[in-house]
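Going by the order they are written in, the chains are A, B, C and D; count residues from 1 in each one.
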Amino acid sequence: MRDLLARLAVGAPVPVFPVAGGGTREALARLRLRPDVHLVDTPRHAIVLLVLGEFPPGEIAGLAAVHDMIPSPRVTVHWTPGGPRDDVPRSMRVDGDDTALVAALSRVAGEVLSGTRASEPPIRPDVDPVEWRGIGPYGHGGKGMTGGTPFGRPLAERAPDRDGLELDQLSVTVGPWLGALPPGLELGIKLQGDVIQEVEIHPPAVTLERPDGWVRALEVPVPVAELELDRARHHLVWLGEALRVHDLPALGQRTLRLAQGLTPGDRGEVERVLAEVRRTGIYRLALRGLGAVDPSQVGGLGPVARAAGLEDDARLDDPTYQELGFRPVSHRGADAADRWRQRIAEITQSLDLAGRAGDRTAFGDGVVEGPRGRITSDGILPGAVTVDLLPELLTGLEWGDAVAVVWSLDVDPTGVASRSSPEGAAA
Amino acid sequence: MSPAWAVALVGVLLMVSVYLVAVMETIFGLRVSGVRGYGRAWALPMSRAALLLSQRRSVTERPDAQAWALAPALLGGLGAVALTAIPLAAGVEVADVDAGIVLFGAALVQVMVAVFLHGWAANSLFPVLGAFRMAALALSVSIPFSLVVITTALPAESLSVGLIISSQESLWNVVRQPLGLPIYLITGLGFSFWAPLQLPDARDLSGGTSAEVSGAALLVWRVARASILVAVAAMGAAAFLGGYLGPWLPGWLWMAVKTFGLLAILVWSGHRIARPRMETAVKLGWTVLLPLALVDVFVSGALTL
Amino acid sequence: MSLDALLVVAAALFGAGVYGALSQQSFVMIMMGLELMLNATILAVVAFWWGSTGGNPEGQLLAIVVMAVMAIEAAIGFALVTNVYRVRKADITEKLRRLRG
Amino acid sequence: MSGIVDFLFWVFAVAAVVTGWLVFRTDSMVRAAYWLMASFVAVGAILVTLDAQFLGLILILMMAGEMTIMAIFMVMYMMNPAGLNPMTMVHQHRTAAVAGAGAFVALALVGLLADFPDRPAPSGTDPTVDLGVELLGESMLVFESAGVALLAVMIGAIALVSKRGRYGDADEGSEEPILEKTE
């Protein structure tokens, strides 16, 4: 029976839960396109735990909880796009490119399903965090009838809410590898029902993502065509991931596939896909009126700023772009729908620029307009500033709307790491 | 029909249709994502099922274990009960009840209970949020749903599904009550929490009520959910498209063609229409669909008189 | 199945409802006791219609009126619970010694 | 055939009473609400075996929504999520038990001892059709009154729970605002 099931199961894409460290955005997008792999949203649906990218040394231990959430049979694979890593035993490590990774994932999944490889035991002991029964007058673990800390957990606190009813608050930590949030983003939130009352940003458990191409453009002249194609590709990957979270995974895959090997000649196909995104009604149904930002707070944040009506673009000062007749696109509403419209408009604009640029080069001279905003030589990435907007924007939203706002901002939590790591290391 | 045969028939029909729904879902997915070659789609649901069956079930901290085990079975049972109310061909009625359309409605409304239990029992944040979403969604679509379903009984002057079908001999209800079918399909999507109205099991909740479920329990849940969709499509075919009525072909074939036509529309819309916000979905139910359903009732009632 | 058996079942349901309505502290649980009593009432009414009225449809009509009463009880009950909670932050009867606002 | 119907009746009868009893024996809010729903579903099934198909099915249809709302209200307003913190929510247990048992015995005795006329419905009639004719025929006034009563209750309930009332926010008491002295 087990053999039969295992043989049948080999035909299905391997359910993989990815835990993505720094520098893996593109690799993750490529992996989503592989028909033999299915990247799932929760570890409960996975067989393989895929740890990819780089983490600060201590953080691998934090993966234990995710590992133990995967039901048996389970197996872990480590992979780094850039090259092999040394802190992992060879048996769990995959060296090589995407194809080697996919082959390895299928192989280990087949082995663990057919029983030739043992399922990994849980890392953490399976015990209750505190004793559960038999304390207190009612056996509920607390003092009195309505107070105390039942089973070691404090009772929920009450707080005012939008209906004028003081109901219980639930404090939870979500992330850093929640399928619905960008990898590495960890939030401490207080919920009343599904309404967010308070948000706190936790320092991410992921090392800095290095936008190498963009940082290089700060110092040496780089072909405009290359930069603009990079920008279009970045936005397409963003669009693919955001569509997946909005439950349009097939359309998202089509977008991600476009991002691979993008050339200015793909413009027709890009426009067809973007028109299809518009036709899903996503602006009207899911985004309009959500997460409007104050234009005075988003200077330098690229698409977020331009969607709020600012003509804020470092490319305006670049003589090469002036020569190409560059004018930034902008929108007025400042909400999530406008940010989607903004990026989608910038995809076609970038393709257009890349097509017309020829072999012209741009010289950043200490400032470059990256896909998330202004990158300067002082090292603070625009993603860091975007993350700072979250507490104010998310407070008072329902969870689903909050997720939509987070994706509409194209948050880069690793930007926080780059800024707060000196203090974080001290604390 | 003897009870044993009836149960077997409904079970087999449901399994076949659910498999076809899974194939359709895969083919539409591949099509939208721009991949050619759909040959793989026919075997894929089987492999996926085998994979889930080889997985162990997961355990959360202090779940309501009985309710957690009950919920998927309850949902599947409701799909089967809803299907029994529908004549599959002339005279082939599994449960011959006078108030068949009320039986169907009662079974579908109970879906809310199964989903709420499924989310609540896991004792985990996102499943509970999914459960709350189901309550809000089902309550806002259930009144327009009941209204348009009951309106199809007006021309038939009976609550029996068989008589509702035979009352469409001269004219299908989809023509007689043009508002009915669209409202029915939208609210039916809500009850089967299928895309684009899969809010209780949405990705922004990492899978919602099924976020903590794995293995065979997840397979049963997915099959049960698809069986609700099948029942919705079959009733849509019976109540609005004349069921087994039609020229040339045998009745059961007409019924199958109409049912799968509606299923194709429902599955297709999941890939082409964005999932609305919770607030938009609730507003849609109360401020758009409910008034339209009332118009449907009044106009159809006046025409029947 | 006989009228006597039906009435005994309805009496048992009613007894359970009485116990619930008197013993529970939470408002919503008390409402559940009331609903259980109304459930028994519906059963008894339909039993009489089935066994004693010769199929007079007014018996079923009475059952529908009881159902409407049940819906009214629920709506008023939920509204009261919400209002009391808003003003007093209490949802159990022990906390409401005085009913003055 | 009547043997099967009898058997089903007793199954549903036992189920209705047992689940009705379990409503008050569980310490989980959601279980309490859904045990009550199970009791209603069992009574609905009994009504179907009594040929009151429409009533039985409508009862089942109504209760799904109502009991889900009950569960949500308890989750909202009870300060201790039972299950996380099981505790006894019962007071005056003995009095209540005696009253419940007394009610059962008294009503059951009435049911058994009183001599009700034995007039079952004549075969060949369709109770659902009869009910429909009755509702929209002679008893339309009763039916309409029930509908109007429900509408009035809906408006009343919304007025009762709405946060902003005639004299300000509901949680600020219902006193008239004091007129401010103007300079």
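Here is the rule we use: a contact is a pair of C-beta atoms (placed from the backbone, for glycine too) under 8 Å apart; a residue touches a chain by one contact, two chains touch by 3 or more.
Model, not experiment: these values are computed from the prediction.
K.L.:
Which chain pair shares more contacting C-beta pairs: A-B, or C-D?
P.N.:
C-D
K.L.:
Please identify the chain lying most centrally, where each chain is represented by the average of its Cα atoms.
P.N.:
B
K.L.:
For subunit B versus subunit C, what separation do you get between their C-alpha means, in angstrom?
P.N.:
Computed from C-alpha means, the inter-chain centre distance equals 32 Å.
K.L.:
Compute the distance, rounded to whole Å, between the mean C-alpha positions of subunit C and subunit D.
P.N.:
5
K.L.:
Averaging only over C-alpha atoms, locate the centres of subunit B and subunit D and give their separation in whole Å.
P.N.:
Comparing mean C-alpha positions, subunit D is 27 Å from subunit B.
K.L.:
Return the residues of subunit B touching two or more other chains; collapse runs of consecutive numbers into ranges.
P.N.:
Correct list: 62, 132.
K.L.:
Pull out every residue in subunit A that's touching 2 or more other chains.
P.N.:
Within subunit A, the residues that touch at least two other chains are 164-165, 193.
K.L.:
For subunit C, what residues touch not just one other chain but two or more?
P.N.:
Answer for subunit C, listing residues that touch two or more other chains: 82, 85-86.
K.L.:
Give every residue of subunit A touching subunit B within the complex, in rising order.
P.N.:
2, 4-6, 8-12, 15, 35, 41-42, 44-45, 47, 69, 71-73, 113, 128, 132, 170, 172, 174, 178-180, 191, 193-194, 244-251, 253-254, 257, 279-282, 285-286, 290, 398-401, 403-404
K.L.:
Spell out the part of subunit B that touches subunit A in their complex, as residue ranges.
P.N.:
28-35, 40, 43-44, 46-51, 53-58, 61-62, 125, 129, 132-133, 195-196, 198-199, 202-207, 211-215, 218, 271-280
K.L.:
Taking the complex as given, what residues does subunit D use to touch subunit C?
P.N.:
5-6, 9-10, 13, 16-17, 20-21, 23-24, 32-33, 36, 39-40, 43, 46-47, 49-52, 54-55, 58-59, 62, 66, 69-70, 73-74, 77-79, 89-93, 95-97, 99-108, 110-112, 116-122, 125, 127, 130-131, 133-135, 139, 142-143, 146-147, 149-150, 153-154, 156-158, 160-161, 163, 170-171, 173-174
K.L.:
Spell out the part of subunit C that touches subunit D in their complex, as residue ranges.
P.N.:
Touching subunit D from subunit C are residues 1, 3-20, 22-29, 31-33, 35-36, 39, 42-43, 46-55, 57-58, 60-61, 63-65, 67-68, 70-72, 74-76, 78-83, 85-87, 91-92, 94, 101.
K.L.:
Which part of subunit A faces subunit C closely enough to touch in the complex?
P.N.:
158, 164-166
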